[in-house]
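Chain naming follows the written order as A, B, C and D, and within any one chain the residues start at number 1.
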Amino acid sequence: MYDLVLKGGKICTAHDSYFADIGVVDGKIIEITNCIDFSNAREVVDAAGLLVLPGVWHTHCHFRDPGVTNKEDFESGSKLAAAGGITFVIDMTNNEPAPATVETFLDKKKNAESKSHVDFGLYGAGLHPDQVKSLFDLGAIGIKVFNTRHPKDVYPYISTLGVVDHGVLYEIFEETAKTGLVCAVHHDDSDWVKRMVYRDYIDKGNINAAAYVDAFAKGYMYGHGMVSGLASSLYLAKIAGVRLYVLHVGVMPDGAYDLIDFAKSSGQPVYAELEACSFLIDRAMAEKLGPRTYVHGRNIPRARDALNNGPCDVLVLEHAPHHKDEVAKGWDDNFGAPLGVIGAQEFFPMMLNEVNNGTLTLERLIYLTSENPSKIFGIYPRKGIIAVGSDADFTIVDMNREHVLSSEESLSRSGWTSFDGVKVKGMPVFTVVRGNVVMEKGVVKGARGFGKMISPKKQ
Amino acid sequence: MYDLVLKGGKICTAHDSYFADIGVVDGKIIEITNCIDFSNAREVVDAAGLLVLPGVWHTHCHFRDPGVTNKEDFESGSKLAAAGGITFVIDMTNNEPAPATVETFLDKKKNAESKSHVDFGLYGAGLHPDQVKSLFDLGAIGIKVFNTRHPKDVYPYISTLGVVDHGVLYEIFEETAKTGLVCAVHHDDSDWVKRMVYRDYIDKGNINAAAYVDAFAKGYMYGHGMVSGLASSLYLAKIAGVRLYVLHVGVMPDGAYDLIDFAKSSGQPVYAELEACSFLIDRAMAEKLGPRTYVHGRNIPRARDALNNGPCDVLVLEHAPHHKDEVAKGWDDNFGAPLGVIGAQEFFPMMLNEVNNGTLTLERLIYLTSENPSKIFGIYPRKGIIAVGSDADFTIVDMNREHVLSSEESLSRSGWTSFDGVKVKGMPVFTVVRGNVVMEKGVVKGARGFGKMISPKKQ
Amino acid sequence: MYDLVLKGGKICTAHDSYFADIGVVDGKIIEITNCIDFSNAREVVDAAGLLVLPGVWHTHCHFRDPGVTNKEDFESGSKLAAAGGITFVIDMTNNEPAPATVETFLDKKKNAESKSHVDFGLYGAGLHPDQVKSLFDLGAIGIKVFNTRHPKDVYPYISTLGVVDHGVLYEIFEETAKTGLVCAVHHDDSDWVKRMVYRDYIDKGNINAAAYVDAFAKGYMYGHGMVSGLASSLYLAKIAGVRLYVLHVGVMPDGAYDLIDFAKSSGQPVYAELEACSFLIDRAMAEKLGPRTYVHGRNIPRARDALNNGPCDVLVLEHAPHHKDEVAKGWDDNFGAPLGVIGAQEFFPMMLNEVNNGTLTLERLIYLTSENPSKIFGIYPRKGIIAVGSDADFTIVDMNREHVLSSEESLSRSGWTSFDGVKVKGMPVFTVVRGNVVMEKGVVKGARGFGKMISPKKQ
Amino acid sequence: MYDLVLKGGKICTAHDSYFADIGVVDGKIIEITNCIDFSNAREVVDAAGLLVLPGVWHTHCHFRDPGVTNKEDFESGSKLAAAGGITFVIDMTNNEPAPATVETFLDKKKNAESKSHVDFGLYGAGLHPDQVKSLFDLGAIGIKVFNTRHPKDVYPYISTLGVVDHGVLYEIFEETAKTGLVCAVHHDDSDWVKRMVYRDYIDKGNINAAAYVDAFAKGYMYGHGMVSGLASSLYLAKIAGVRLYVLHVGVMPDGAYDLIDFAKSSGQPVYAELEACSFLIDRAMAEKLGPRTYVHGRNIPRARDALNNGPCDVLVLEHAPHHKDEVAKGWDDNFGAPLGVIGAQEFFPMMLNEVNNGTLTLERLIYLTSENPSKIFGIYPRKGIIAVGSDADFTIVDMNREHVLSSEESLSRSGWTSFDGVKVKGMPVFTVVRGNVVMEKGVVKGARGFGKMISPKKQ
């Protein structure tokens, strides 16, 4: 008796593709076959004409829960992820309270488990070096450090979460190294940024959305300061022996690619999470979006080169929602407004569209969004693969389906997406988590609280 | 009704490992599962405690058939391969007649198909540029060129097979490029070799086995001349646009690694077949073996580095048998004796031993001997993978089994192996070709003529 | 009528050597010849058997004037430089008051000009971005930044001179870039250093000289923090477009070499000043010297490789004197003691000894201590070359003279040298500045106040 | 009493420039000065407003003497060199008889010394390994090898001079390595070239000048074959330990730059002689010139990059004259016509024009045409430098003089130049060899037979 059978699909992994049916029992793949009579299956998904991929990850979610759940919460967040073909999300730490201690981490976990529609990993907030070991013991998927403070201390860069003292940063590296987890860092050189931005923009009263785009393009906002911080951090990480996971690659200027390449070529265990905005949003689009993005591609050909040839170990389109009312004021004061891109629901459709456009192979996409994140975060081969014994997580896609992304269809509490009106070809049509169909043809199904927190294998 | 079931084993591929059973029908994997009742299987292999690998390739066989079948023939050769855990062999072209034309290729194919115990690919002999297209049409797995003549024209470097004119070599490259096949080349600079060897050895009467080892170590025999030829050939291949498959990497001095790395770094499609003698035989062993080897590791640490970090795309231990009576005279005149290493039966046991010694991971070994050769030669995913729909080729190994390799156990017609007396830990215990168990615990089973010639997928 | 004639010597430059006499008038070379009757010369130096080099620079002096002239002053400092064959010194900025403004710079200049025996350049203290242009206008040879604070705020790292805010550092870069001067930086990551040193040494009471050597060897003192700071600074300098002159290369761990190589390979104008202690002092010697050095070679083979193959643009042995009474207390508390190496007088003899030992060519030595610093600091071809029209600065050496360096012979007010008892072969025997013999066979001659401040050519 | 005085000029070397007068006695510089009364000089050159450079070399002359002196002889050749500002020429070996033995070399030397107007070096013809030592003893400046045969055996690639056997080539390398001379090689892969050219051009009757340009552009003539030969030769030279001087860089496709860079980066002593046609002649000009050139720039930006950043150790514009009547038939059969560029007289004017155009610095030009060839060929510091004691060889130039190059003004016996009608700014106005003015404002002066053969310093 099978719980679920996927029938007639083409299985596509990061390495190969073939036609086979898949049988699932108790949330695990127990059979890959083309010869079985599945009449005794509880549920059958007809995958004829569709591609069956290992479940896709979204590694950069801000579900704002606990904290500002009017922007998003774990329920809305996990539902929109499911809608977008995502089977596994990693949630960031800029909550209130932030999951930086045993108690706060456990509270966050409990809350998320009660609401989530998909499986997830939770970063522990890297703030107190002496808490790292505990966060690891509690199952954190990695340690996230905000090596930054916003020039105006605007949320969501919670001032008390910022680790700008390199001594503290290094001690977090030391402690994380002992656990084997990755340390994921949003790098910055906050003194530099603050001085430049005030001097040339804020103090001059140039603060509207157009001024912001200018400051971004000039490398002041989310620019050279991040690379400066990255440069030091790569060295400190090397001597600490920690696995450094560099966030926001593609947001930073080209120097970041060079530095990461340089570190990799020396054998340092460093990973690049490439932000898809680096090639999805050009400056003209950014000017139109105004406060509905904070980033645009600085060098789109270079970003596409990174996408295909590296440095790029994981691909993501960040999901950092703010409520549309908050965002609106950015048109006038974009340095004081909370900024972020909303893209978890739209991410995978847009990437399938890239595959259809020929700018990315399907194999590479699967590698960057399923197999490799699973490996980097220590969840492979439990996830990230289609093999007997692995979790029955699948993203089943129709490469020919055309769709227009829209804020109307967004399930985000924020009420909008940065990619409203974008046409794509290629859509996820089923999202399956541990044998459970949590999305079918755009409709999110399944139970709130079904999703589980997954932790890295302990060695 | 299954033809064959593998039960209880651990499936190991180049990327991952998991426990599952495999069901086979009509030579294909039709099921990978851990939930089926296999009572209706025609044959069951109990793989409990064993590792199930995708069938291992041996890419560098000289089965001497047609030609000098007193050294080996396709029957003895394919049997010893099966005994050594090999499911697929590639046979070289220095036959008499050589398979350089439609007729000779077809004759060789017919003969091999009537005798082989395992599946195989046949190189077409690259000699006449205008025959390349026909050899491709007939299913050659690649085009092999002897860009060399032996200084004394000693067999098996058949003088008429040598393509030393770079104009002809280039035209073969041009024609092969059109087919998409690899052109596999034994490189040389025969004028250089002949002049050096005669000047410093033969003309002086220094020709015994010790003198030969000295000439090899000095880079005269199978040395600098090969690198000189490689240097030109890499460039000619680049401008011809052909996929160049470099044979005997590891036999050549270190310059060969450097040149191949250099070509690869420029994006040229070039592949390195690493000869395992480069790290298995040191000079002392070579002196003891005398004419039972022609090669020893020139720089064993560098060879091991290539093995693990490249350049190395395929790993092999060449099988070039000569009858023990012929070989014996090499002790006195090793420049006039036919030379070669005999290792197809011993290859995989010795590599499993390396895995047990920790000098090579099992994943890398599988990649280099199964997945990657299958890809390079265009047979993937028909072979080189364990997936539903693929050929049911398996090498099933016991990593704990200890064994002493010996000439007594050798199935070669030559009557000996270069690795007589070598102790290993790790042995293949079943060889399965298209669902047929052709070797079980060292005993070759199955029918002569069961093996089929396999050809690259036509685009 | 010649003011001075050098007769019979062998002229040696960074590129060639030949026998010729040199005639000097008004401080300039007016003739290089082997045919003139010099009977009408005011002064003749008999250079037969000697080598005549372009005047040697010492680019890293702390003459403590104004400030703590009990350690050194410009008179004693410039005299010991002359004694050591140095014709040109560059003085650092950690004075009290520091030359960071128009007034303080002018005061320092006036004082130095009244006392110096050799020519000199003065760094402007990089502290206030808006003062950089003025310092340039006043003739500063470069802008020196202390991107550091000592963990215990021990002199000579004057706390108020530390520029640890990267925003300020960057603005100094921006302003210096406009002038074309180099910005010379002592890099650091002071937060990191302070935290590590207190945590593992000071807080534990491990503070004696042996503990200090341990902390240095571990990369805490003058170690990884400096590289971390360098990493960021290289990037900030690149985007500012400033010529970055990296101080204390060779003091820092190997990562510094790598980062500078990486920056150079990208075409960035960055210069490395290699500290000779990196190969002159090993750990055993450091333990013996105790507080009479703060540094030892971390990787002597790598330092020698940098010396010969780069990154190394200027070679120096820093001169940072402290009075012997102050230093003595370092045996008990070396984290609280003022530290430095005393070496300006001993530098060039020790380098000639290296040439005699064959570890460095004379051409390379001249390049690194005369031609190249002259070029980098914009004083070439006024200095750094032997050519008609250039300043008649010469260091005349006897390669065969043997000598034992000693604190007794030191002209430093501090009363000691780090290299007491070191035997050398090769000694400067004349130091000539603008045609004036300021040292002859170890005896300093000439007038206090003869030395002039030299400024970079304005474009 | 001075034999010659250069008065009022600006001395310019590869490293610096300054105003000074120069006094010469017995062919040597004895004084560089700005203070002497030169009233007792036999001859004074007024260099006011002019630049005085160390004498310029032309390293690639074919003066056809002995052999076909109707094309050129040593007298006409050395005169046109003097007219073009050249003080030193190196003559090639494709004479009849070729200077490959003691007798033929001595005959050539004697003949050249009786006719030459400028100093010169003579290559020994690398043909017989056992003659190399003798040629070195007789003073050959290097060993030149024609590693080529013309596809149609057309002069000047004298068939008997071709060393296409790599064994012989290697023995010449071995013998040359023992002498310390450079081995200068015109590389080729003659089998390849012959096969391609006959197959696609000659056998099809496509042999006119337009067909030739096509064959060149395609890499058949002077193209890929040369790179193929270079690839092997670089390796053979490396193992022989010989200093390899690669001729015709810039004629060959881009692969040649890559291979030389690769060899240099490994520390191999290899030198690139860049042919200026690589940036002076574009395809359109080549089509117009027809048989009056055999080469055009394949990739002019890359050639300019090599010129400025390497690989380029020596710069030249080859001088390979043929009589205009012979050349004329190339319009119809350019594969059968003798080909070459005529440029020794025009070379330096065109390079000064490049300096005026800002594509090359004067320092770099002097380095590549005087200092560095002198060093590479072992004549430095006798030549290649302006220093007391060195030969008084000068090329004195007027950077503002404009001129139109023309066949009318050519002093070549061939009666033409490839650069007829080219306008330049910057002209040599005096050529001085060992203190003798051999050209003044375009007029060649001095005595036939004044020039001397100069040999490398023996160690």
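As a working rule, contacts are C-beta pairs under 8 Å (C-beta built on N, C-alpha and C of every residue); 3 or more make two chains touch, one makes a residue touch a chain.
Values in this document were obtained by computation on a predicted structure and should not be read as measured data.
Asks: By CA centroid distance, what chain is farthest from chain D?
Replies: Relative to chain D, the chain whose C-alpha centre sits farthest away is A.
Asks: Could you work out how far the Cα centre of chain A sits from that of chain D, in whole Å?
Replies: 62
Asks: What is the distance in Å between the mean C-alpha positions of chain A and chain C?
Replies: 51
Asks: Find the geometric centre of each of chain C and chain D from their Cα atoms only, then give the gap between the two centres in Å, rounded to an integer.
Replies: 45
Asks: Have a look at which chains touch which and call the overall pattern line, ring, star, complete or other.
Replies: ring
Asks: How do the chains pair up in terms of touching? List each pair.
Replies: A-B, A-C, B-D, C-D
Asks: Quick check on the complex: what are the chain B residues that touch chain D?
Replies: By the definition above, chain B touches chain D via 165-168, 170-171, 189, 191-196, 219, 224-225, 227-229, 231-232, 234-236, 238-239, 255, 258-259, 262, 266.
Asks: Quick check on the complex: what are the chain A residues that touch chain B?
Replies: Residue positions touching the partner: 11, 15-20, 23, 25, 30-36, 380-381, 385, 387-390.
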